[in-house]
């Protein structure tokens, strides 16, 4: 019931206009394309959506726009993380009022948090809302690594029902299954781990790749669902170069460049983030050409 | 001229009232005590001052209060970091208008920044103000590690004139001297490295310890200045247990607890940060007793 | 042709008598049990076989005994690593003369080796023998981490045809497939990665677990072979606690304790290695009981 | 009494003839030069002396030659490490019979050792000899990191009286002083940490640099002894590029190349170790020229 997400959970970027404002039209079009392509959930205001770089007003603007556009065709998972507990509660309540299906929270850190501080943080937010919460573990961005034991403790909070694991280590997922049981609702957030994670029992794959290759992402999930390991492996290795590239160069930089190549012009990233450097743009073009996303060069 | 700081650069906490607002009276008293004790500079809104956990209004409130209270008796180094370049520029300009002697900037990260992005970030802020900038490298909090080569590049920007190194590795300081010359203005930000850093040529020591032991901090600096290695070493090992403790448990938590023990009651930390756990409070009391900061028990 | 190994590659320990000599009878019995149980290859003188702790004479004694006992019923993969190139060549030639099917070489390090030194090391040994060589990458024991790029370079040496990857990171295996092609003969050497590695395309699983649970190991391999993901996953999670335990506590210590519990008394390990500490023995007994390897406690 | 070493502890390489045998004449000459230059101790069969790459006979040959040549003009510290406890005891006894002043032992690892195994290892060797033992901690070569707490425990064994710390982290030395008292006999084994370690209280500096710049090494030590921080710092930064180079490229490779440049032709290293690559040779030549070890280029 409460772990309502499965399959391909697509993370839209937050596109800006040349003037540095949220590009509402493009964001709506990106979300529409993802839903139409068949992804199973939409997750605005994630790392891909450059959540921490947005003002409070922009966060609310994005949440509202995406939730309205999706219009419950698929569930929405809205990022509401903030450095302080108070602001996280604020954003979580706002998302709930807007009609978000669930919220996702990464414990952002400046000072490293103790386990007790982490648990109290989630507990306070959980008490403030009624919709489910997904714990998001991504030490590479948030600066804090939640051990499987701490995640297991968080999953005992009534409406903390899901965990997105982005360490890229499948052993973490094994530990979650061992600590929380076979039916623990864990999701993979490390793109190159997609195959291993599904095989280990992941319910879904949190990914920005559906901006570019939604059908391949879904193909991999479907093959796993029907136990077709041969197709799953072939599909995985086919999309792997793109998955590796977008992780290596940062999702917002890589997706922005890829969309622009595909004819959807995205405005500049918010500084200090800059556009993908030219040699990497060339590498990305090669990858997209090999995937038939772009036509072969003249 | 431009590297105006030397000696003990004291970092005040940002104390809160029981209602969670800035405790202006206590902050003023802390700053006054530090200046009176003879520290060589005051640096509000550092990591110790929980900069990232404050609202924009609170940041401005703290900067204004501290600058006024110091009243140019010693230089002020004001933290102005923000995740985006635009907000960092905003806060830097604000600090300059208030009369800050210099500003300190840590490149906060969520998405890891490329070297080019880091340089552009500092360059944009440097162009927006006329006062000197201190680069702050602290991967443990900011999540981004500036190599000596990148720091050397930043120090070529006209008003970027100082660097605070908090990795805790004295070899980084050696590299800075090799890359930038003997007169590079580097400062140590890792408390337990105070002795090694001064010997390696650090101009100053950025520390929260003057909340509790300003005279010992100054004693160490003075001994180094007159080449008295025996005194310097004895002084260092005497204060080392406290230095290690405040780093191990997080400066805001540890300093808040120590001040409270010393009779200066500080309100609660801002969540998710919590007060020092009881067993650590006992350990801290033992350290302060051994330093004669607290009277012997019973 | 040349990558002749597949399936469960079983690594026997080197058991000692109470007097500290090789226990030939027990070693023969262990090997016999493994072959009878249906493992697909036998690999003496691996890490499990405490190769580096043996004298040259003992190494030869073990190699000869195991090769004779296996008697070509399955292939044998004999460890011949040594810190110097000259001694590695010596042992590789010896193994070839004894009739080993292939040899395995980990580049043992004291001084870290450059890529050029690693390649020259393998090249010299490869020229000295005609049988295939398996590259063994295990930084946790050997102290040297072979990147996928270096491994790809080594696989271009004519009789270097296989690689055992023991970093425990499935992404390394993805890179090998990308660099060397779908038919690269890689084997997994990290027990808890068994499921992920097979799904990623591993030809085999190099493991000491067949001392205790050969049928479960084979069951997992067979399920993958016929594309039965449900059975594979269930079998994997069932054996995972034992796999994690033997890795966490060191294969020789853990397997020795487990065999002794099962009634096959093994003599003391060679110092400085010591027997598994008592609390861990209890934990192991619990794991073996849950696996029905040991009967439930009275 | 028992911690008899102080000052510059010089580590000779083990030179080979073109035929790959120990070059006794050159080894004797290197040792003679070091003693004549005024170093305070000679330590054959260290990492610099490629101990692990030698046969037992070669180890004995080197120990005997060096002890005889030094002829008690300064103390000798002989490396006797081996992977097994039995072989370490054998070599320790051999060194004692030859007249070594003390022996040095690094706990070499293949399987990681538990603390209990480490203590038992040193205890067994300590009981087998009467001369002092120096614990050698160097995780980068030996693969095992001894925490300050474990070292403190080892120093309670009667004739374990010294510790060579090569992690390169001065905080480890602080911890040793805190755990064992001011008079703990610790030595620095990380060349670029020479200045910081002496200031922290190190009794000596274990280094291969006296092959090339013995007078600078001694100058640094003497300056510290008389409390002349300015000279110490200047001397340190002068020799630092060479210290960094020899560590970065491996002591045997770097020292062999430097000696050859200085006219003392050393035969090939033992494979898999290879001579310093040509671009690094050029870099080294530049460093030696800047130090006036080599004349300026025509």
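The chains carry the letters A, B, C and D, assigned in the order they are written, with residues numbered from 1 in each.
Operating definition for what follows: a residue touches a chain if its C-beta (ideal position, glycine included) is under 8 Å from a C-beta of that chain, and two chains touch if they have at least 3 such contacts.
Because the structure is a prediction, the values reported are computed rather than measured.
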Legend entry - Joint neighbours of chain C and chain A, given as chain labels: none
Legend entry - Most distant chain from chain D, judged by the mean position of its C-alpha atoms: A
Legend entry - chain C-chain D separation of Cα centroids, rounded to whole Å: 35
Legend entry - Inter-centroid spacing, chain D versus chain A (mean Cα positions, whole Å): 52
Legend entry - Residues of chain C whose C-beta touches two or more other chains: none
Inset, instruction - Sort out which chains touch which and give me every pair. - result: A-B, A-C, B-D, C-D
Inset, instruction - Would you mind writing out the residues of chain D in touch with chain B in their complex? - result: 168-171, 174, 177-178, 182, 192-193, 195-196, 199-201, 224, 227-230, 232-233, 237, 240-241
Legend entry - chain D partner contacts - residues on chain C that touch it in the complex: 47, 50, 52-53, 83-86, 107-108, 110-114, 116-118, 120-121, 124, 140-143, 250-253, 270-274, 277
